[in-house]
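The following pair of complexes shares a single chain, subunit A, combined with subunit B in the former and subunit C in the latter.
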Partner chain A sequence: MTVLASPSRGASLWQRWRFHLSALVLIAPIVFGPAWFHQNAFFDGKKGLGQREIGEIAVGPWSVRLAEFKLSEPDAEGRAGHAKEFALALCPACVDQVKAAYLRVGKPRNLRTAGALFSGTPYRQTAEMRVPERTTADDELWLTLEGWDGTLHQATIPIRTASPVMAAWLEKRGRS
Partner chain B sequence: MDGTVSRKTSGARLWFVFHGWLALPIWAFLFFVCLTGSIATVSHEIMWLANPEVRANAPSSDARLLSYDEIMAAVEREEPGARVRFISRPVKSMFALNVAVTRPDGNSARLFVNPYTGAVQGEQGAFDFRRFVRALHAWLLMPFDGGFPIGWYAVSALAIPLLGSLITGIVVYKRFWRVYLRPRLRVSKGRRIFWGDLHRLAGAWSIPFIAIMAVTGGWFLIQAILGDNHISISTAGVPPVVSRSDVPAVDKGAPAPRITLEQAAEAVRHQLPDLEPSFVQFPSSAYDHISVGGRGSYPLIFESVDVNPYNGKVERTRRVSDRSALELVTGSMRPLHTGDFAGIWLKLVYLVFGLALTTLVFSGMMVWTKRTAIETVKVVRERRQARLGLEAAE
Partner chain C sequence: MMGLRRGGLIIATIGAVSLFIGAAWAHPPFCICKMANATTVSCEGGFADGTGVPGVRLDVIRYDESVVLQTKFGPDSTVSFKRPDGEFYMLFDAGPGQSFDVDYKDIQ
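Showing the complex of A and B:
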């Protein structure tokens, strides 16, 4: 049993505690706990519309508040390419007037190509906008609002304004 | 003759050592996961005990459950302007209805609504015990940032040593079934004997449960690998949208009239009489359906129906029979893991076996910290001697 009995103090500590070291995994929930609570509050809208508010945008007679949902580069979505998520809140007066909101890169030819449809409630809805391959940082986002009465109104937001993080990512991608 | 006996014992000893090493280095992690998992099975019931707001107390013995429309009216009365996203209504439940709303300021809340009176009894605070225990158990609270967190992989990968321990345990513990007829737990013969007996007893009794946990846990690992590599096995296809022509144009900018939830529920009952609706989801846009879902004849899988909110037509059903065999198997994994598909009695069975498994991990550690090390030294020495013997003979 000479293998098990060890003279040095460090070695004896090792002998005694080596099988319990996996308890160190519990550091993970202790470290990530606060972030978990923060993220839940964020998803519940208690930390604002999104992680970075873009501002109030006038769209015809209406206006919306737009935000980057997450302050991050577009997500890789496998074969679907890349997508960037935005959050939107309708102005209190237009909650019952706007039927749908859409967002895309570049000008849509018609309503069918208006882009990603926002979903949620009028007070907070999100859309995952596709980022086409040839998008550049100088392009614009087109926001289309469709009224319950059938009217359409549009606004444009430069990508650099909408999401500096995405613009930087596009520039990096353009160079490579 | 002598040689075969020694090889045989050496083989058995090797299995022993394998069995020991499979869980010993990770026992504390496994113990934590088993313990939090056991608590998670009854976390909802614990909330029920701790918080009267989540209970569904009937004002009188003959009280009638409210219809969906009455629930909606009650919520609008108590939370003016809030938009309902979904109502979850556990069938024949002791729990209050869970109504998810978004308020005009953009905040979401989950309201506990009495299913008999419509009173909003309270709302879910920042600390949701059930959600917390699940997240702690399954992914160590780590964030999902564009993929499954490392914590999810670490926990689900425990399925591998769990399955290994089960198999080697059955091999090592000869004639384990005897413990079913004559359970033995010697309390007064010293700690080693006690923990050893407890380990064998808990192990033999939980063989089916461990197998379920190992297989379903292994599925969670596969699920993460598939998800992170954008591989889908779903046959559900693209979610349907309401056709533009079905949405009536209205003047003066007000929403087009939609059917009520009760009308949607009626359409579902008419189409699928055996479905017990347990949740109703509101359209998330003007082109979305009202979704109604619940458990049907095969309790492990939720069935859902999409109703066009403008004309009341059932436009899609997603039933057990619409799913591929692979989807039926994989779809059954989560309910089999959590045991939440048959009522509180099954949850209690899961709790008991979950605690047995937790005990198994702990007693294993108590037995093996010393023994595995000693046995390993013996096996190594034996093998070395055998090799030396062979070399000497050559």
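Showing the complex of A and C:
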């Protein structure tokens, strides 16, 4: 008489639940697919410059469209403190004239301290701007554009205009 | 039954999270300066992702933009120097958009 060995607990569980697992593999893309496509479209720029467009800002002879990349509080960046991401698009006429765009909290002392450098195409570039510890909701963001001819032009944007979410976060941080 | 449901949820969560792993974020620089003793300032530099900055430039500059000292971070991403008199700031400069200025008032 042959005695059949009973399957191990793991093999038994696998036999019993493999159907459910395969169903999960099919269901997961259906459940998470729309969020994934939405996120992909957002990163591709098909959903606009950012989650909240700030508007057209004149910077000397040029202009840019500025947006909050994500409609959220500044991100914690470990020992680097907090940072907030913004997106920018150069005006079509100034695409060939602007070499670089920088953004920071407070007036830069010089070009080396102009802040976060925007990177990407002229039509949609992003920068992760540092939020210094002493920043208050009444401070201003300074946007610096550097031309290929070496000229510098600057514009200021109150934090309350640039990002009400960030202003509220700063006020909350200031109270605590 | 509950354990397997929990396992399924974990797998689904890992799957969902992995969808967003491709999003890469910048890692801003930082520079923390402290008084090592009564006369010496010690600064530590780096990037938020833990990258060190050995050999990266640190300038000590007066408010009138005259450079007091040009130095570099050591192998341990720290640098020490004698504190200048008056008003100044320290500029950790790892290239355009990768700089970090620390005012003398922010020396801890």
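In this text, the second predicted complex is superposed on the first by the 145 of 176 C-alpha atoms of A that agree within 3 Å, B and C clash if a C-alpha of one lies under 4 Å from a C-alpha of the other, contacts with A are read in each partner's own complex, and residues count from 1 in each chain.
Here is the rule we use: a contact is a pair of C-beta atoms (placed from the backbone, for glycine too) under 8 Å apart; a residue touches a chain by one contact, two chains touch by 3 or more.
No experiment lies behind these values; they were computed from the predicted model shown.
Legend: residue contacts after superposition of the two complexes on their common chain; A:N110 is shown touching subunit C, with no touch to subunit B. With both structures placed on the common chain, the touch criterion links A:E128 to subunit C but leaves subunit B unconnected. Judged by the number of subunit A residues each one touches, B leads among subunit B and subunit C. Judged by the touch definition given at the top, the superposed model places A:E77 against both subunit B and subunit C.
By the touch criterion defined above, A:D96 lies against subunit B but remains apart from subunit C after alignment on the C-alpha atoms of chain A. In the superposition on chain A, contact is made by A:L13 with subunit C only, not with subunit B. Across the superposed pair, subunit B and subunit C both touch subunit A at residues 20-21, 28, 32, 35-36, 39, 43, 75, 77-79, 100, 117-119. Against subunit C, the residues of subunit A that register as touching in their complex are 13, 17, 20-21, 24, 28, 31-32, 35-36, 39, 43, 75, 77-81, 83, 85, 100, 102, 109-110, 112-119, 127-128, 130, 133-134. Contact residues on subunit A toward subunit B in their complex (touch as defined above): 1, 3-4, 18-23, 25-26, 28-29, 32-33, 35-37, 39-41, 43-46, 48-49, 72, 75-79, 89, 92, 94-97, 99-100, 117-125, 146-150. Here subunit C touches subunit A in the complex through residues 4, 8, 11-12, 15-16, 19-20, 23, 25-30, 32, 46-48, 50, 61, 65, 89, 91, 93, 96-101, 106, going by the rule given at the top. Contacts from subunit B toward subunit A in the complex involve residues 24-30, 32, 83, 85, 102-109, 126-128, 131, 135-136, 140-143, 145-146, 151, 154, 229-230, 247, 249-256, 284-288, 365, 369, 373-374, 377.
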